[in-house]
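Note that the chains are named A, B, C, D and E in the order they appear, and that numbering of residues resets to 1 at the start of each chain.
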Amino acid sequence: MTKLEKNDRLVRLSLLMIALSAISVLAIITVFIFEQGTPIMFRYGLKSFLLGQDWYPSEKSFGLLPMIVGSIMVTFGALIIGVPLGLASAIFLTEFSHRRLTRILKPIIELLAGIPSVVYGFIGLMFLVPFIRDKFGGPGLSVLAASVILGIMILPTIISIAIDSIRAVPDSYREGSIALGATRWQTVRMVILPAARSGIIAGIILGMGRAIGETMAVIMVAGNAADIPGSLLAPVRTLTSNIALEMAYASGEHREALFATGVILFVIIMILNTIANVTAARQRKK
Amino acid sequence: PSCRPGRRGHSLVVAGSTSIQPFADKWAEVFMEKRPGEIVDVQGGGSSAGIQAVGTGAAHIGMSSRELKDDEKELYQIEVAHDGLAIIVHPRNPLDNITIEQVKSIFLGEITTWESLNGQQKAITVVVREEGSGTRGAFQELVMGKSRITKKAIVQDSNGTVREIVSRDPNAIGFISLGLVNESVKALALNGVKPTEEAILKKEYRLVRPFLFLTKEVPTGLAKEFIDFVLSDEIQELILKEGLIPVRRVSRPEGSR
Amino acid sequence: MKQRGILVRDFSHYYGQTRSLNNINLDVYRNEILGIIGPAKSGKSTFLACLNRLNDLIPGSRVEGKILIDEQDIYGPEVDVVALRRKLGMVFATPVPLPLTIYENIVFGVRLLGNNNRKELDLIVQDSLEKAGLWGEVKDRLHTSALKLSGGQQQRLCIARVLALKPQYIMLDEPTSGLDPISTMKIEDSLRALKKDYTIILVTNNTKQAARVADRTAFFLMGELVEIDETPVVFTRPADKRTEAYLLGKFG
Amino acid sequence: MGPQLRLQPRTEQKVVQFLMYFMTSLAVLVLVFILVVILKNGLPQLSLEFLTRNPADMGREGGILSTIVATIFLTFIALLVATPLGVGTAIYLTEYTVESRITKVIRFGAECLAGIPSIIFGLFGFILFVNKLKFGWSILSGGLTLAFMVLPTIIRTSEEAIKAVPQAYRLVSFSLGSTRWQTVTRVVLPSAIPGIVTGVILSIGRSIGETAAVIFTAGSALRMPTSLFSSSRTMSVHFYILAKEGVSMPKAYGTAAVLVISILVINIATYYLMEKYIRRKS
Amino acid sequence: MKQRGILVRDFSHYYGQTRSLNNINLDVYRNEILGIIGPAKSGKSTFLACLNRLNDLIPGSRVEGKILIDEQDIYGPEVDVVALRRKLGMVFATPVPLPLTIYENIVFGVRLLGNNNRKELDLIVQDSLEKAGLWGEVKDRLHTSALKLSGGQQQRLCIARVLALKPQYIMLDEPTSGLDPISTMKIEDSLRALKKDYTIILVTNNTKQAARVADRTAFFLMGELVEIDETPVVFTRPADKRTEAYLLGKFG
């Protein structure tokens, strides 16, 4: 073996060490969150955490059900708003719009993905919340407000991933279909969307992850009542806001319970991530 | 910040109420800036823990945000500030006065509309602070007693945010530190008493709790220096700025929150 | 003289600034096989894409001059492009089955018209596959994925798919490149058989193939039509030096 | 839709096209609206003074200098840590190994990391850096937490940039007798630099905009950071507090405008780089 | 009889499960041009990649049998792969100038060895470009980007870049596909001139090119070496039917 080759081995080894950083960061995070969050769950019983409806930490009552339901509700709401808009935009930008228009619109959408979530929350607080309060009643801080803001926030994610997966469909499919006399829309509906399906689903799941994980914007517009919302206009608290809201003064078991909230959030996100990864991998295999 | 046993020697250990702790941290910081070499170590743990700590000598100064019970009264107590709570509503709300029982019913979720209070058939938006915060703790203690605040209440994590929300929602009611009340909201009179500094100092306004420093003996040395420092104009002014009510009158600066 | 199906007049094509076809003039007779030969990048595929307006899909694509198909100016304002593409079936160099079953690939174009009558579709499938010489090999697995067929079978599937549309013209772009000798032969046989019902344009990079199956042969070079004539003439007495050089393998 | 109701394909195409156009416009308009509101209200607040003076009276007065400085420090630390790790990982994944269980695990780790909500990073940074390592609420804790957060972004963009380098370059380089490391440093990385820079710039944007992870690790003390261990308030956190507590709407809009403009500049720079180097190549 | 430079014995190559070369046996003589012809995907490029072990880069690539180059088993444990690749210069089908200047492209391989002596490099650049027949065309713009050269010039640049390494063997993979007649001729001329100093293996999809420049010609089909012989023999009296069919353009 030459000296150069020996050096190459050394380089490979050091790079492997570095490459393990990503996975070790994940491992460290997992360990710390679980170490902090799980003991209390077992002390009080998993059931009382997951299914308890009363969140009164000062009275040792740690029911997370309202937050779990809240997270699910606003995420679902966000999808109802974000997915149709996002998919339509992605299809329009890839298959229908004039190239020049796409070249203007796509960067705008990508740029807006970078706007900090606090700004979205602020806009929600200033415009959406009063609008809902005046037009529909209630405090305005509500499931509806949170869903709309989250729906807008996940738009860029859904649009860019959907665009990528639609673009990844080989042009030959497009040509083949058009050459057989299909209209653009027929081609999209019958050939392109089915071929891009797993990628699009992966994008939606990632958008879902983003919605579930979003914190600051939600705190600002959701109202944060630790109660299962009875209507779209009622305030709601998500898992993330539960943590962010109470972390500052929490101590002792209260803090542990917040970490337990983190554990539940973490588990949900990991499940979603895995599903997204698997679906995306399926698309790549095709 | 967790509860460690008090260190002896040069450092002054101050422990107790988590409501006072964030303020005391600040005071200690300013103090240590002025007196390099001295160390003031502020710890939480709660009022009872603080009272106990002074009793056992684990802390030099205890902090309590409640009045002492009879069996605790042998300690020396120094009032360093008052924490008043204002019940606030939207400025356009016709209501001016409320009874403590009505407040309790509202925050219990028993009264849900303004009808019985000001005649409007609007649902009440109840706004509270988050679990664990001193303000909520005080409200719980002074108004709610053992009863739970309604789950339906909107929760915010700072007095500023509560005030902001009440100032925007004509149907909202909330509570904040008295020092933070400004023209954007209306502070209700409680049982006919307006929440003014005077009323508080005269003990007429009831939603108020003292911030107490406790010592076992007559304070001496570093403990005395620190207590005197907290009672100095400089810190009392700071206290005012931070939304508390000073025990010594100082001129109120413009635009304080 | 034979009837003319396609008339190309002073036709040029551009990709943005670069000209890919330069002032082409040629006719395609009905029921002939017109072979188009030429080295890589000489504009053969572009020419086919101009005939069924697939080049519409390419941004920056632009044409000059006229193409008349069955007396209709296909770049005219009133043209139904979708109908045009059905009339000119196209087979690509790399076989591209859509990610569907064999059956669904073939009826894809028929379904687009809203015809979902199972019996009719079955007939169309069998008929097209027979004409493309594939029926025997796949009749027992019509409902399996088309992607599992071998390369030669896929290409014949693509031909069958085009036949299902009942086009009048069939354009094939290097349909046998990369195929084995047997598949190549099968496809050449089909083409000869199809000639009586269709007009066929066959682009090929294998000059011998043109010699074998084309009635007339056109030679393209760098976007120009160098010459077009009866196949034997082009191969034995080419009018242009460049044609001769190409046929001798001097380049390409 | 039954067969009777079926629209002509061309009509259907027209209808769908219009619908899509409408929905896209809606999406874009909403997003543009946000931008316009912030800029319209925020730009009038901007002045040299606003950028060069420290906040006073809880942010009601003065400018935002200390929050800008804190943001820069935090971002700098994050990138200092994340860039070598991220680029190294990307080089390993693309150039030094074949697809295997290890690469799958590493990639899975990166993907998962990318999906973890920032609040979880905040909790984690709080426990590890603030408490266990006793860095306290500080620039250092915040920076390290952000580093972990942007690591997957840098890995992914670098990986893509490296993959976009034509395979032919590698073949040529190897066939001319270079070792792997020579190929990486002389051919692959130079071609991939614009893409890698893109990832780094994107990470800057994310760091600047992050609130949840920062508030628990860097704290929210409103003062000029003096050392790695100072607790400091970044622009986003400052904006969050100003806006939410209604401290001062003009200052909030001003801060938001600075925030949004810096992120826009950063993203436009990224976009320009991508246009210029990556998309052009493919 | 001529000296043998490369001996290939019972050599097979696999991409994962699929065999791409099947039991190849052939010799390459010193200072000859060995032409390799065959249809697409017949394994020609794979064969070249096996000779300089570029296939090491492909995951799942696996070999059986032996290749001896200058009496060294190149798949033996002690082989210096980097040195091997320098010994067998390789020119690819698509010219791939690295995104550097013309000058830096040519000295790329030399610099890898740590030679940065400007004078020596200048000499090497001029010498290699002259041998590749490109010096006259580029000598005034050595420090401009190589990407701006025309296709034919780029390919000659790639040849010059290989010559700069002072290899003993030069392997070219379809070096003139897609080039114009003039460029093709220039490259064929260079090859004939280079023969006296180097051993050349020329893979080409243009059989006529093999006929023109190769001393001996090998015919690959589906991973097998069908036959190898003196070029005139292969072209006029092929031993195998398949060779004949291929040369007649029956497929490919």
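Note that a residue touches a chain if its C-beta (ideal position, glycine included) is under 8 Å from a C-beta of that chain, and two chains touch if they have at least 3 such contacts.
Keep in mind that this is a model prediction, so the values were computed, not measured.
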item	value
Pair of chains ranked first by number of touching C-beta pairs	A-D
Far-end chain from subunit C, centres as C-alpha averages	B
Centre-of-Cα separation between subunit C and subunit B, whole angstrom	85
Subunit C and subunit D: spacing of chain centres that average the CA atoms, whole Å	50
Separation of mean Cα positions, subunit E and subunit A [Å, integer]	52
CA centroid of subunit A to CA centroid of subunit D, Å	16
Of all residues in subunit D, the ones touching two or more other chains	9-10, 179, 182, 244
Set of subunit C residues in contact with two or more other chains	82, 112-113
Touching two or more other chains - residue numbers and ranges from subunit B	156
Residues of subunit D that touch subunit A when the two form their complex	9-10, 12-13, 16-17, 19-21, 23-24, 26-28, 30-35, 37-38, 84-85, 88-89, 91-93, 96-97, 102, 105-106, 108-113, 115-124, 126-128, 148, 151-152, 155, 179-182, 202, 205-206, 208-212, 215-216, 236, 239-240, 243-244, 252, 256, 259-260, 263-264, 266-268, 271
Sites on subunit C touched by subunit D in the complex	82, 112-114, 116
Touching residues (chain side subunit A, partner subunit D) in the complex	4-5, 7-8, 11-12, 14-16, 18-23, 25-29, 32-33, 36, 84-86, 88-89, 91-93, 96-97, 105, 107-123, 125-127, 152, 155-156, 159, 182-186, 206, 209, 212-216, 219-220, 240, 243-244, 247, 258-259, 262, 265-266, 269-270, 272-274, 276-277
In the complex, subunit E residues that touch subunit C	39-41, 176-181, 184-185, 206-209, 211, 222, 242, 245, 248-252
Footprint of subunit A on subunit B - complex, ascending	1-2, 18, 44, 123, 125, 130-134, 137, 140, 148, 151-157, 165, 168-169, 171-172
